[in-house]
Structures are given as C-alpha cells and as structure tokens.
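Look for chain A in each of the two complexes below; its partner is chain B in the first and chain C in the second.
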Partner chain A sequence: MTATMQPKSEAAKAPLRGRRTPGAGEKPRPRSTGLQLGHWWWALPGIVLVIAIHYVATGIGGFFAFTNWTGIGSFKVVGWQNFEAIFKDPTKLGALTNTMFLAFGSVLLGNVGGLIIALGLNRMLKTRYILRTLFFMPVVLSPLATAYVWKYIFDFDGPINVFLTSIGAGDLAKPWLADPQWAIWTVLVVLVWGSTGFAMVIFMAGLASVPVEVEEAAAIDGANLWQRFRNVTLPAIRPAIAIATTLGIVQGLRVFDPIMALTNGGPAGATETLATQVYKQAFALGNFGGGAALALVLAAIILFFAVIQQRLTRSNPED
Partner chain B sequence: MFRYTKLTLLREIGLWALALIFLAPFYFLVTTALKPDSEMYTTSPLALPKSPDFSNFVAVLTATGNSNVVLGLVNSIIITTGSIVGLIALGSITGYVISRSTRRWSKGAYYLFLIAIILPGQLGAVPLYMGARAMGLTGSAWGLIILYTGMLLPLSIFLYSNFFRGLGTDYEEAATIDGASRSQIFAKVVLPMMAPATGTVTIFAGLIVWNDFFTSLIFLGGSANQTLPVAMYYYIGSLVSEWNSIFAIVIVSMIPMLALFLFAQKRFIQGFSGGLKG
Partner chain C sequence: MKSERLDMTQHRSYSALKVGALAVPTIAALVLTGCSAPASGSSPTGGAQEFTLSFATSNTIESPFQVLAEKYMASNPGVKITFNPQPNDSYDQTLRTQLQAGNASDVVVTSPGSGTGRSILPLVQAGFLEPLDAAAKELVPEGSEALFGTDGKVYGQAPEITVVGLVANETSAKAAGISDFPSDFASLEDQCKSLASSGKSFIALAGSAAPNTGLMAMSLAASRVYAEDPKWNEKRAAKETTFAGSDGWKASLEAVSKLNNAGCFQKGAAGAGFDAITKGLASGTSVAGFIPGPSWKQLKTAAADSEFNVRALPAEASSEGFVYASANYAFSINAASKNKDAAKAFLDWAAEPEQTKAFAEIDGALPVTGLDSYDFNGGAYKNVGDLIKNGKYGPLPNSQWPNSAVYDALATGVQGLITGQKTTDQVLQAMDTAWGQ
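Right after this comes the complex of A and B.
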C-alpha cells in the first residue's frame, strides 16, 4: 500500500505547477506539428474501468452511508442516522481517535528515525548501500506477515519479557498486546518499524540533491554540524519532509493488516481503527450502511490530508 | 574535503548496531521456525534451536483446506502476474494516448485519473463487493485480477503518461514520415522504449497486489482461489500460540518478495525515491 501513495506527490505537483505558470511545468507536446499519434478510442477501456471501479463504486458507497442496508433485502434511506450512531458508540469513536493517534504517531517517529538514518548514511559510508537495503527491507514485506513476528516478540512468554526478566527488570514484563493501556503503543512500535525505511529512502533522495560543494563551503566558513544541518540541509530537504509526512499520514490512516494480525482490534476495542471497523461492520456484522458511513468518514479524513499534501507540495520554495 | 575519518568509521559501526536491532525480528523469526515443538517450552525465546528441524515447514506446505498454503502461493502468483499484465497493457496504451493527444478531452481524462489516485478506496469496497457478487466474480481469480487492474490503473496510467511526456516524439515523427501506421508506431517504436516506466509499474503493482490482504480477504476469503496472505491468516487463526508453526508459514510467505527485493533492490529503491521527481 505504501507504493500507492508515493506517486500522489507527483500527482499533486504536476497539475498545480501548471496552474500557477501555465505550460511551464509541462514538457512540449506535439501540438504544433499537427501530428496524430494513437487513436483516442485506445484510451476507452481504461477510462471505463476507472470510472466504474473508482467513481461509480465510491458514489454508490457514499449513497449507502445514508441507508440502513444489511447486505440483503430492502433498505431505507435513514439520513444522518449512521453518522450519529458513530458518535454515540464508544468503540467507533475510539476507532477514530486510535486511527489519528496511530497515523500521527507513526509518521512523527518514523520520519524522525528515517531522517536520522538517512543523515547517518548520507556521506562517505562504505557500506551505505547494504545498510540502506537492510533498513528498507520491512517496507517490501507484507505488513500482515511482519505483524505476526511482532506479536510473538510482544507475547507474554516472548523475547521482550524474557529479556526484561534476564536483566532484572522482570516487574516491567507485561502482556503487552493484551493490556488495554499498552496495546496501542505496541501497535505504534510495529507501524514505526514498518515505515521508517520508507521515510529514509525519501530523505536519502532529498539529501542527494544537496550539492556537496555547498556543504563544504558552509564548513569552510566555520558552520558547525548543527548550523550546517539547520541552514543548508534542512531547507534543501523541505520538499522531502512534506512528501514523507503527508504520504505517511494518508498511509497511516488506512492501517488495517497489522491490527488484524496483532490484536484484531482488542483488548476490548482498545486498538480498533476506522479500517478494521469498516471491515467488521460491513462484512462481519452485516451492517453495510453503518460500514459505509464509517468508510465515508475515513474517506473524508484521508481526502482532507491529501488536499493538505497538495498545498504543502505546492508551497515549495523551489517551485 | 569530506574524508573517511575515525568519526565516519564510528558512524558506520553505530548504524550497523542500529541495523542489527532493527532486524532482530528476523532473528526470532528464523530461530523459532526451526525449533521443534519440544524445544518451544524448554528453551529461551532468545536462544538458538538446539537441533534445528524443518518439520514445521513440511506441515505448512502440506496443509489443506482453507489454509492450503501452496495453493495460496500459486493463486498469489497468478493474480499478481495477471494484474501486472493488465496494468501494463491498459496503463501504457491509455497513458500513451492521453499524453500524445492534442485534444481537450485528454486533459480531462488526465485529471480523471489523478483524482482517482487520491480517492480513498475504502468507500468503494462495499459496492464493489456487491457488484462482484452479483456478477459471480467473488471467489474467482479473474474477478480479482480485473479488480486490482481497475484499482491500480490510475497509478499505472499516471506513471506511463508522465514517462511519455518526457520522452519526446522524435522517433514517432520519423516513423510517421516513413509511413508507419499509428498502431505500428505504438507496437514497434513506443513499446520497446517504455521499459523504465514498465519497471516502475511492475514494482509498485507487484508489491501492492502481492502483499494486499484486505481486498483478497473480502473477495476471495473462504474460496479455493484465495491468495497467500489470506491462506496465512486462516492457517495462523487455527493455531494457538504455536509460534514455530506460525513462523514457518510467515517465512514461506516472505521468501518470494524478499528474494525479488534482494535481487532487484536498486530498482525497488529507485522506484520509491524516483517517484518524487515526477
């Protein structure tokens, strides 16, 4: 899923650039030659498929959010009732806050970690490519599969508790994933682990764009390490930060697989997210209307951050 | 001016230490999967297996029914390959036409695809399921291939059309002058040149489809065509804390993607970071 989000940044950039300085952001097209390349109807299958799967399905989903359909039989339009139910049900409300907490928490920690690793790998390291591969590995693996490994690590008889006991901190040992207070933090650790490598790669690409001469010049002028980071590196990687954070938030808002593997939303709904609730309401409990309403809330939140992402990418000083 | 100093060596060692902690889950994954049942309760989770054995892997690969892992593996390969082929075929031709057309509709079509990339998929999942059920496409590999192709098509079209825009039309113009038809130009001139974009599409689509759990759980769960993540989910659901068996299937599910990543890691990372430049 990470990958889907990636090109959004480009998606966000391309048209907006064009709007500000018309035509400037685009490569020349064969407009003047009058040359005809390809037939317009070649695009038809793609357009039809995208309209059906993206636009029509989303539109119908939005409609069902206002009905009480159970998945079979007839239904009634019930207005805002499904949405009122969300704000009355502590589990669904909890899912909303959990989703926000996980999205923002994992982005903050994953980006800070990714930036530190990227800075560490940035210059002169002999093994930087091996290290980059190692840190990136969790990104390509299935979030479901890796979450099972973490489930064992946080198990009551698992490595963490055994390790804590062996260093004499046995009273810190607890059933991490079964503890209503700690379970969500455990999930956060797993998400951060999975997203750090992604942020690192984006930051490494951003850092590579900082000319070494500029850094050297700053160093010769007597700037210390922090000043060089603050005044040379940081401004140059601002676009990378904007992209990595907003992509991470949009990505984090959809979190589903790791929860299903780690806690299945438990204990007592302590780790439910909007995505797991959509699945449970619509497909397990047969509450299609309620599930669609939750999905609409989730979609609205994701769209909100996608728009912010566009704004942020647009306000790049370089553009 | 920046030279390899003692400080750089220190940085290198520090990052290796961090990498080892970062990858510790893989240590537990492999050591535990190799432990026989008897060792699960007698040895520390931190210890290496005393007598490594592969019986867990044999059990995983011979499981039947809902958790038939080999079948899941085959289904995942079929569905991932099918979706990639669909995305390359439809994505390249659609991306080509909208990037080459001089008409106004092509601009509209471009925005249609752009907005579809941003549109969150969750809302459409329920109606798509109902539609697929009505057409008898749930539980079928074809249904899921069509679905994934449609879901990821905007992304594919976007990558292709940006690529074609940067490509320039010199070769195509030359071919036109030589009297090639539009289809000939696409098949003989454009097709051989689009390999870089195809590589990016393959990596993104392959990763997303191969690792996807949500869509295949909904559309294929319980059927004979379910993919590896779903088979893994059911297999693990039937085990209670038998971590050695659980980890055997986790390893089996990771190996194909891990092998591909290590084989083409440069291409993977370029795909991810290169997306930035557009």
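Right after this comes the complex of A and C.
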C-alpha cells in the first residue's frame, strides 16, 4: 500500500513546487525553473518522430493491405480482396498453422527445458555459473548465423547423417530440412535451442525469490522432491511462467530469419510461416498489397497474445 | 563578487562548450556536404562524365558488366563509372526499391519481359525506364520485340544471347562410362540408373533452390511444349489454353517424377543448394546441371582439367529438340537519372559489334549480333549449334509470363513433386491461379 500511495503523494506535491506562493514561508529557489522536468512541448520532436515513424508508417502500410499495389507504379483500392485471398489460399493457411505450431511448440518445449535447467543450476552445482553462461549463449548469438550452423548440421552430408551411417543406421539418413514430415520439426528444434536460455534466465530470477525456509519446512514436514516442487516452488514462480510463456509466444509468432536461412519456407511451403510469407509476397513476388494484408493478420494475432500477456501479468497479486 | 565572477566564468565556459558542441557537427556537416557535392554530382556542363551502374552478382568472379565498364573507362579516360553490385537473390527487390525512391543507379541491368522483379515491362509501366535509341533497337533479338518495350519503343539493350539448358562435364561423363551423351529421354533415364548404381548422378540438382527446380521444369517443357507450339505463352495470355489443360505441360512435370524415379538426381537433392551443382559438376560426381550456359566458363575455373559443354536436354524420341536461347539481361537507363547523356554514350559504345563480341567472350555466352555467321565448332556451344541455326530456339518461357508468381508456383511445385507433397495437376492449377493474380 505504501508503495502505491507514495507516488500519488509525490505527484500531488509536484505542481505545488513550481508555484510561487508569497508568504508560504519558504523562499522559492532562484534556479527552480531550471530544475523543473521541462515543458511538454520539449518532447514534441520526439513525439512527432514516433508518430511519423511508428504510427503513420504503419498506418500507410495498413492502407496498402486494401490495394493491389505491386511495390511500384500505381494501384487500385480493392477492399477486402487481399484478405479473402489469404483465407482461400492453402499455402497461406498452411503458413498460419505452421506459425501457431512453431510458436506454441517452441514455448512449450523451451519453457519446460528452461525450467528444468533453471532448477538444476539454481543452487547445487559448483559449475552452475559456467553452465548458465553456456545455456544462455544461444540467446546472445545471431539467430541467422546459428541457423546456418544448424543448416550444416541437418544437411544431407552433415554430421547427423554421418553419425547415423557410422552406427549402421544409414537407412535413417535423410535430407532433414527437405523432408516434408521432418522439416518443421528440425526448425522447431532450432527455435527451442534458441529460446531455452531466455526462459531459463526468467525462471532463475523467479527461483531466486523462493524462500529456502519454506522449502526446508516442507521437507521437514515430509514432502518429497516432487511435492516440494509442485506445492512450494511452482506457485512461487507463477509470475515468471506467465512472462516467459507469453513473451515466448510473441517471439515465436514473428519468427523469420532462422526459417529463411534453414529452409526458405520449403520444401514446397512445408515450413512457411506468416512472417516468411509476408516477405515473399511483398518483396519477392511483387504482391505488396497481399503482403501488407498478411502483415496485418500477423499483427492482429500478435496483438491478441500481447493482450493476454498484459492480462496475465496484471492478475499477479504482487503487482 | 568573486563567486559571481567565477559563476560568470563557468557560465561562459559552459556556453562556449555548448556552442562548440553544436558547431562541430554543424561545420562538419557543412564541410562534408560542401566537399561531397562536386564529387558525387555529375557535371553536365563540364568535361567529365560520371554515372553509376547496378548489376547482380552471385559469385566472386568479376561480373562481365563490370569488366565491360572498366574497358569503357580505360578507352575513355574522362569517364568515371561507379559500380553498385548487388547480391543476385536480393537484386530485384533492391532495384525496385531504389527506382521507387528515385535513387537507383543511372544504368541498371534488367531482364526482358515481365516474369521477374527486374523485368523491363512492369518497370516501363511504372515510368522508371528511359526509352533507348536506334542502337539498342537493332540489338533486340528477332521475335523478342515485345519483351523489350511497348509502343515501338525499346527500353533495354541486349548485351548477349544466353543459352539455357544443360551444362555438362564431358570429361567426367566419359570417366563414368558415358561414351555417347543420351540422344533421347529414354536413354537418359537408362544412363541415370547405371550412374546411380555406381554412386554418381547424371544431374546435380539444387532442390531447395527455386530458381533451379523451375529451370529444370522449363527445360523439360522446351521439347514438350515450345518445340511444337512456340506461341504457347501468347495463347495462354489470350486464355485459349491453360497450364492444367496442356498435355505438354503435364508431360513436362510428369518427366520430373520420371527423372526422380530413375535416380537422375544426386542423393539428398531435395535439400541441396546451388553449391551442390558447383561441387557435383566440378568434382565429377555428377555429369550435368540445369544452369545458364555461361556457367560453363565459371565451372572451368573451378575444374580446369574438365571440358564443359552446353547441351539441350534430350527430348522424347517422338519430339523435336528445342533449346532456350535469348537475351536474358539488358542494360536500361533510369528515367530519373541526371546523367543520361553519359549513360547513353556508354550504351552506344556497348552496342558496337566489337563490344558485343567482347562481352560474350568475357561471359562465355553467345554474341547478340552475328549469330547466323557464328562458328559453333570447337566451342562450348557446339552441341546446340544445329538447333540454333535451324531456328529451334526461343526465349525463356517465364520472360513472357505476366508476373513472378507463376514461376514461383512452378519452382515450388517441382520441389513438391520431388518430395511427394504435390501432384502435377496441383502444380499446374497453382500456376494458372498465379497467372491471374
């Protein structure tokens, strides 16, 4: 309560500081105007830039979703035609399904993996600091650069197939990134590898707030390892789970560069996502209107999950 | 007073700092703009001629466009050409964005027709290209007039004739026991089977690269569609036929599956990139690849001991042979250019027979002029000489298609045929849908 009241009282006092009230007992400081936080119009250049770069540019892009512009020359307004085309085209619907699969799949596996690693590296291990760095490394590295490394690993002549052949399982060797069944899973593996470290960091922050005394008390009461995790640790890190999952979904929905590097959306569209389709339609195929419409659909989906994220974090009683 | 003076001094020095902080970048900006203006701008009234040239590059070998331009600078010391090479896979997008923004190079390399992002016709429609003079008009290959402009005007100057079919490593073919190159499609399938059993492949395919799978399908359509009906694209544009309703196109895509089933492609071809073609042909593990003819020269630099030739893909025994030979690139002048005179002077020079011959030699292509009297014997094009002399050739089909989505549907569809994700009918229907976009 104190924490919430304090800013209000500060805010209530703030305007009074600026007022010159004769006879108030305190002589106004000569440099008081210089110490003010400033006038609202000082922020005008920044506000104009933000509006122009973020909102006007996005608005114009949104307008093109209702046109047949090819990226050059003139265009006609075509209404909802581009949106109808999206929901009639099996490739775009496939891209929508793939986007959801990769977003939720990477969040599920990345968070479970991240939680297990965070629990493992929380207190006990001596090498936990080195291991934490190693597990966090994929988050820091360029997704595009690491995707090319993964592309080499999954290549037909790459280490996986060489290993399979060396152990006599050469029949299992396949072009992983060009296999209609396996390609999407290989992309998922790369995404999970990249997102686990991020989830781990969030969970480690959450685990740091779990009191050791409560865990010890539960242990003394006879709770086994699973019961302590289920009834003590998990409830304590619920806010961390909410943040990790929702941020992960938003991140997963807009995944682009690893897919372009790994499969370019192939084979035959098997790993296309909304983001790769936006790029291809707008820039490679000269269908700027269609690309802008797809981008709007993607933005709406991300917005939907961003709102959920807001709700979940707001419901946290500690806020 | 002392403290006040100190304050004043501090204030003055603070103000001086502020002034200095503002003045340094301002003066720097003025100096930079002042210095750069005469260097970057052309001098239409002055003696020096400057212009910029954009072209696509896909390897480390010096582009023939750059070599030609350097030759021009060497013979014209007053001319300065600034090169703007762009990666081939993003060239179309960069070119369109720059033209739209008004900051494209003065001379840009385009493609005839309308099937790609760098194609002349949509760029002309958007008003981005400058009409060229009679010298460029004379270089337009016969029958390709409609691909170079509209209303009798020409907007691209062809620098060479590119043959597109198979580039074969004849040395590795002989080493693999292929004494005679397959004369028809059935014998090609047989050769594929025997090579596959020895761990090699007849064709090196970049199955994950859409340009390569698309080129293969178009090569298969050469003898199945365009040999019999060179005007097929015009009929499709007039809605007299469709891809899905064409027996020739159906047979072409079925031939993809036949090649796949006969083991013509290297192992893991579906996921391979262009490096698989370079590696396969240079090392001799594959015999041929669907790549533009001039690539023979680049492959020769990687495997100097091998002989590379350009060939037409063997046709069905009942079909006539046919090969694609056309101007696939063109010089165009940016309509917004401020150095049009300098650019036109370069194009006029490049149109001279001596330069067209030199350009073809640099790139390993056929010259855009004098093809009738060209001596095919002994060169890399000796096996397609008869087809070209007998008129059994035409432009690449996709240059006449209305947009790049049709070719994308074909290329992606062929990937699907190889992996078993799609049927020929599905691919052809997708091409028809893309045509109407």
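Rule of thumb we're sticking to: the second predicted complex is superposed on the first by the 281 of 319 C-alpha atoms of A that agree within 3 Å, B and C clash if a C-alpha of one lies under 4 Å from a C-alpha of the other, contacts with A are read in each partner's own complex, and residues count from 1 in each chain.
Everything that follows uses one rule, which is that a contact is a pair of C-beta atoms (placed from the backbone, for glycine too) under 8 Å apart; a residue touches a chain by one contact, two chains touch by 3 or more.
Please read these numbers as outputs of a predicted model, since none were measured by experiment.
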Once the structures are superposed on A, label A:F283 by its partner contacts, choosing first (chain B), second (chain C), both or neither. both
Ask   = After lining up the shared chain so the two structures overlap, which partner does A:G73 touch, if you call chain B first and chain C second: first, second, both or neither?
value = second
Check: Is A:L109 contacted by the first partner chain B, the second partner chain C, both or neither?
Finding: neither
*Would you sort A:P267 into first (chain B), second (chain C), both or neither based on which partner it touches?*
second
What is the contact status of A:P180 with respect to chain B (first) and chain C (second): first, second, both, or neither? second
The chain contacting more residues of chain A, comparing chain B with chain C, is B
First, second, both or neither for A:D155, with chain B first and chain C second: both
Let me test your reading of the model: by the given contact rule, A:L188 touches which partner, first (chain B), second (chain C), both or neither? neither
Dual-contact residues of chain A (chain B, chain C) 71, 155, 157, 283
Residue positions on chain A within touch of chain C in the complex are 70-74, 155-157, 174-180, 263-264, 266-270, 280, 283-287
In the complex, the residues of chain A that touch chain B are 1-4, 6-11, 13-15, 26-31, 33, 35-40, 42-43, 45-47, 49-58, 60-62, 64-65, 71, 117, 120-121, 123-127, 131-137, 139-146, 148-150, 152-153, 155, 157-159, 162-163, 166, 193, 196, 198, 201-202, 204-206, 212, 215-216, 219-220, 239-240, 243, 254, 256-257, 260-261, 274-275, 278-279, 282-283, 288, 291-292, 295-296, 298-299, 302-303, 306
The residues of chain C that touch chain A in their complex are 92-93, 96-97, 99-100, 117, 122-123, 125-128, 207-208, 210, 267-272, 403-405, 408, 412-413, 415-416, 418-422, 437
In the complex, the residues of chain B that touch chain A are 1-4, 8, 11-12, 14-16, 18-19, 22-23, 25-26, 28-29, 32, 44-46, 90-91, 93-94, 96-103, 105-106, 109, 111-114, 116-120, 122-131, 146-147, 149-155, 157-159, 162, 165-166, 168-169, 172-173, 176, 182, 185-186, 203-204, 207-208, 210-214, 217-218, 229, 232-233, 236, 241, 243, 246-247, 250, 253-254, 257-258, 261-262, 265, 268-269, 271-278
